[in-house]
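Please see the structure below; I have some questions.
Should a chain be cited, it is by its letter among A, B and C, assigned in written order, with residues numbered from 1 in that chain.
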Amino acid sequence: MLITELAQLCDATPRGGDTSISLQSAADIMSARPHQVTVLSDGKYKKYLKGCQASACFIAEALIDGDVPAGLTLLVCKDPEMSFLSAVKALHPEPVLDRQVSRQAAIADTAKLGSNVLIGPFASIGQHSIVGAGSTVDAGARIGNHVSIGTNCRIHPNAVIYDNTVLGDNVIIHSGSIIGADGFGYKYRDNQHVKVPHVGNVIIEDNVEIGANTCIDRGALGSTRIGWGSKIDNLVQLGHNNTVGKNVIVCGQCGISGSCEIGDGAILAGSVGVADHVKIGTRAVVMARSGVSQDIEPGSQVWGSPAKDRKMAWRELAALAKLPELMQKIKQFESRLSKLEE
Amino acid sequence: MLITELAQLCDATPRGGDTSISLQSAADIMSARPHQVTVLSDGKYKKYLKGCQASACFIAEALIDGDVPAGLTLLVCKDPEMSFLSAVKALHPEPVLDRQVSRQAAIADTAKLGSNVLIGPFASIGQHSIVGAGSTVDAGARIGNHVSIGTNCRIHPNAVIYDNTVLGDNVIIHSGSIIGADGFGYKYRDNQHVKVPHVGNVIIEDNVEIGANTCIDRGALGSTRIGWGSKIDNLVQLGHNNTVGKNVIVCGQCGISGSCEIGDGAILAGSVGVADHVKIGTRAVVMARSGVSQDIEPGSQVWGSPAKDRKMAWRELAALAKLPELMQKIKQFESRLSKLEE
Amino acid sequence: MLITELAQLCDATPRGGDTSISLQSAADIMSARPHQVTVLSDGKYKKYLKGCQASACFIAEALIDGDVPAGLTLLVCKDPEMSFLSAVKALHPEPVLDRQVSRQAAIADTAKLGSNVLIGPFASIGQHSIVGAGSTVDAGARIGNHVSIGTNCRIHPNAVIYDNTVLGDNVIIHSGSIIGADGFGYKYRDNQHVKVPHVGNVIIEDNVEIGANTCIDRGALGSTRIGWGSKIDNLVQLGHNNTVGKNVIVCGQCGISGSCEIGDGAILAGSVGVADHVKIGTRAVVMARSGVSQDIEPGSQVWGSPAKDRKMAWRELAALAKLPELMQKIKQFESRLSKLEE
């Protein structure tokens, strides 16, 4: 694709360089080579522009200054990140999949498949389940009974969806994720843990993406729910009866116990843990590796284990770093005091 | 099912309301609607009784006081949690599965299947393996060679059981769990990590339940063992040669390195880590996100990383919260001391 | 195998006992019985030698002292760990697998299989993928399109390898691991998280072993790379565009965000977290449960969250333990000061 063509496609204005060059792929600014397009959207990387070997670079007007290599066409635009994202898609188109139902799949006689679905080999779909139009259930994925999958979903290989799960449209579930397994609940009676039946389900709204090897447990009663547009990373544990709002971000290896409410737009960074029945307010940010045991105010930023206001936690941390030294000083005080008291 | 019928089934005595109402399902006290049964077992939720819209509610005599809605039948019983649990089972019966061996499964010629087993599509069972009567090996699950599975076990879809694993009776393994992979052991020689052969196995006793995407590694020599009635949650890592006692609770995302001994009835809350060769005493409780690097006394409660006595850890935490303020005070001391010394 | 034979095979010299005894298996020194061989390589276990019931024991000359049971043949050698490792292999040979392509596998017409491969039932191999000679793709494993697998690799059951992944020779991938899923990247625009296309791949060099249920995400652009001979344990999250060096050890449940560089020979103990864009120097050691947010010097040992020099972190920890007591002391100072000031 010529630079001029890409510029037009991605709402950018070419400046300088040779716009008749053909672009073949996209790369980051540090490793880009001729015939590649890159992006400069973060001031931190400005220093790499001078030596950039790409043929074209998306950039906002405000970031342009100083030397630009002669061979580099700047693609000036309002939102370089989004323009670059479009460029990546254009230069690296998704492979066209062969949209058919594999003869090596196992589809229950009462299951219903929409038009244009792709069912991979060794995928199995249980009784009374529905796969919406344009959705993919890839190789080895297991869809239980009475499952409803919306349109244009993609269930990657070897994912498992237990009975009664409901998925909206445009949902992506990566490989190895387990949606709807029983929650972890027992009552201890007569020297044994008696299993609490889990008769609820999992409901996942439209445009949710769930990473690889993540577990989302069904409700004991009622549903575990993931709201519209939320994104869950890999190896996350989401226990029974949690309610995750819209556009929530849950990073890798987070663990959310059960019956929690995560507000719209909240962000849980990597490896955050959340205790039972906790409410995390809208747009709150829980920083990496924090342990949340109490409700978090909307919009607040917390850190630590137990998590508290970020600034307060850091002040404590800074104080702790000075503590060994402080202890020396206090010993000296003691002797100075004793001397005065003599 | 009529309220009277359910009361009888669940060892409860109906009081008030209209006991001829038919119950359709179970729900928690906050969301229950007419024709649903609920439970009040925790004093914290007492305030919800007044406005409860359920048709029936299990409750212990001791918790009854104040207003009860006119339309609500109290189901008075000794153990509301267990009575409710029975009610949930009665109102939400498990689906009856079609107990047959799928023609799309791969069963080795030397494998032995007990009566009434269910083998799902694309399940595979290796040479010389045994599946006991009434057990289920669901879609896509892989049972290796020389594996022994007891009676009435349930192996959920896409779980993997490596060679030589032994499972007792009534064992549940959720989807994506990997039982018996090699432990993580190497010897560093001549600039490379040489793999330590893992020739042991995993032994899981009766009535154990293992969550989704959990990993239990085989012993290097000898066995990794999970004792009678223990319950392991999702995404847990249990390393080689660990011995987990009876009725142990291991919550989600815990990691137990290797060669540890976890005593009977111990509880490991979420995301706990345990170092190599550590012993955790019977009925000890390790609180969430703790890191255990030394032996834990039976019956003790520990927290923190490294884990220590819970109260001691909290005292330190409380002190740390006051440290920034304390540092201000100490600065003042210094000037007061200096003034006195002049 | 006779003791004499095993000694010769494993570069050891028999001393004492009855070397004509036949050995049947290997065990650790505490549990070994007659007709078993064991090893004593760590001085900590020396006390067990006296009561050892094994028929033979690998040992270095330097560790021999005091009583040796009459029935025990010492197998004196330079490197008891490696000699024992050879013995374990000899006494517990790996089962010979039936090296054939299952008729129940799904192999794309454009896929190429080398000689002597083993493809298990319900394994599927996508278009244009290559499986090198002597490699195993076990039951239910999914190999995407355009994947290249070297020689003598072993892909365990139900592992998933996404499109375009490249594996070197002698790579082991345990069950449930997901190689090459999309990284976790979004841009927030117009009230939604827009998915960043991930068009890179994963490259795994020779002699790498990856545990069970581990996730290694593909690069957004370019590759996520695991260097020669590195060993990754179970349930590890390795984000997009990380570069892991040679002979690196990553223990269970570690989480490495993205675009990090882990130097050759570095060791990450269990449950370590690493933030985006961090560099960990060659042969650095990050101790268990640490959270690394800044670059780590080569050869250094760090601990804590945020991770700092191990000794410094421990000093702080020791000081913290004394803090509650210190606070009492400071109260007394205050009254002593006030008295002096009167």
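A few notes on this one:
Quick note on the criterion: a residue touches a chain if its C-beta (ideal position, glycine included) is under 8 Å from a C-beta of that chain, and two chains touch if they have at least 3 such contacts.
The chain lineup, named per UniProt: A, B, C = UDP-3-O-acylglucosamine N-acyltransferase.
Worth saying up front: this structure is predicted, and the values here are computed from it rather than measured.
Superposing the C-alpha atoms of chain B onto those of chain C requires a rotation of 120 degrees, given to the nearest 5.
Look at the contact of chain A with chain B and you find different residues on each copy: under half of the numbers used there are shared.
Separating the centre of chain A from that of chain B, both taken as means of CA atoms, is a distance of 26 Å. For chain B, residues that reach two or more other chains under the stated contact definition are 122, 140, 158, 176, 213, 235, 253, 320, 323, 326, 330, 333, 337, 340.
The part of chain B that touches chain A in the complex is made up of residues 26-28, 31, 79, 81-82, 85, 88-89, 92, 94-95, 102, 104, 120-122, 138-140, 156-158, 174-176, 207, 209, 211-213, 229, 231, 233-235, 247, 249, 251-253, 270-271, 288-289, 317, 320-321, 323-324, 326-327, 330, 333-334, 337, 340-341. Chain B contributes residues 106, 122, 124, 140, 142, 144-145, 158, 160, 162-163, 176, 178, 181-182, 184, 186-189, 191-197, 199, 213, 215, 217, 221-222, 235, 237, 239, 253, 255, 257, 273, 275, 291, 293, 305-306, 315-316, 318-320, 322-323, 326, 329-330, 333, 336-337, 340 to its touches with chain C in the complex.
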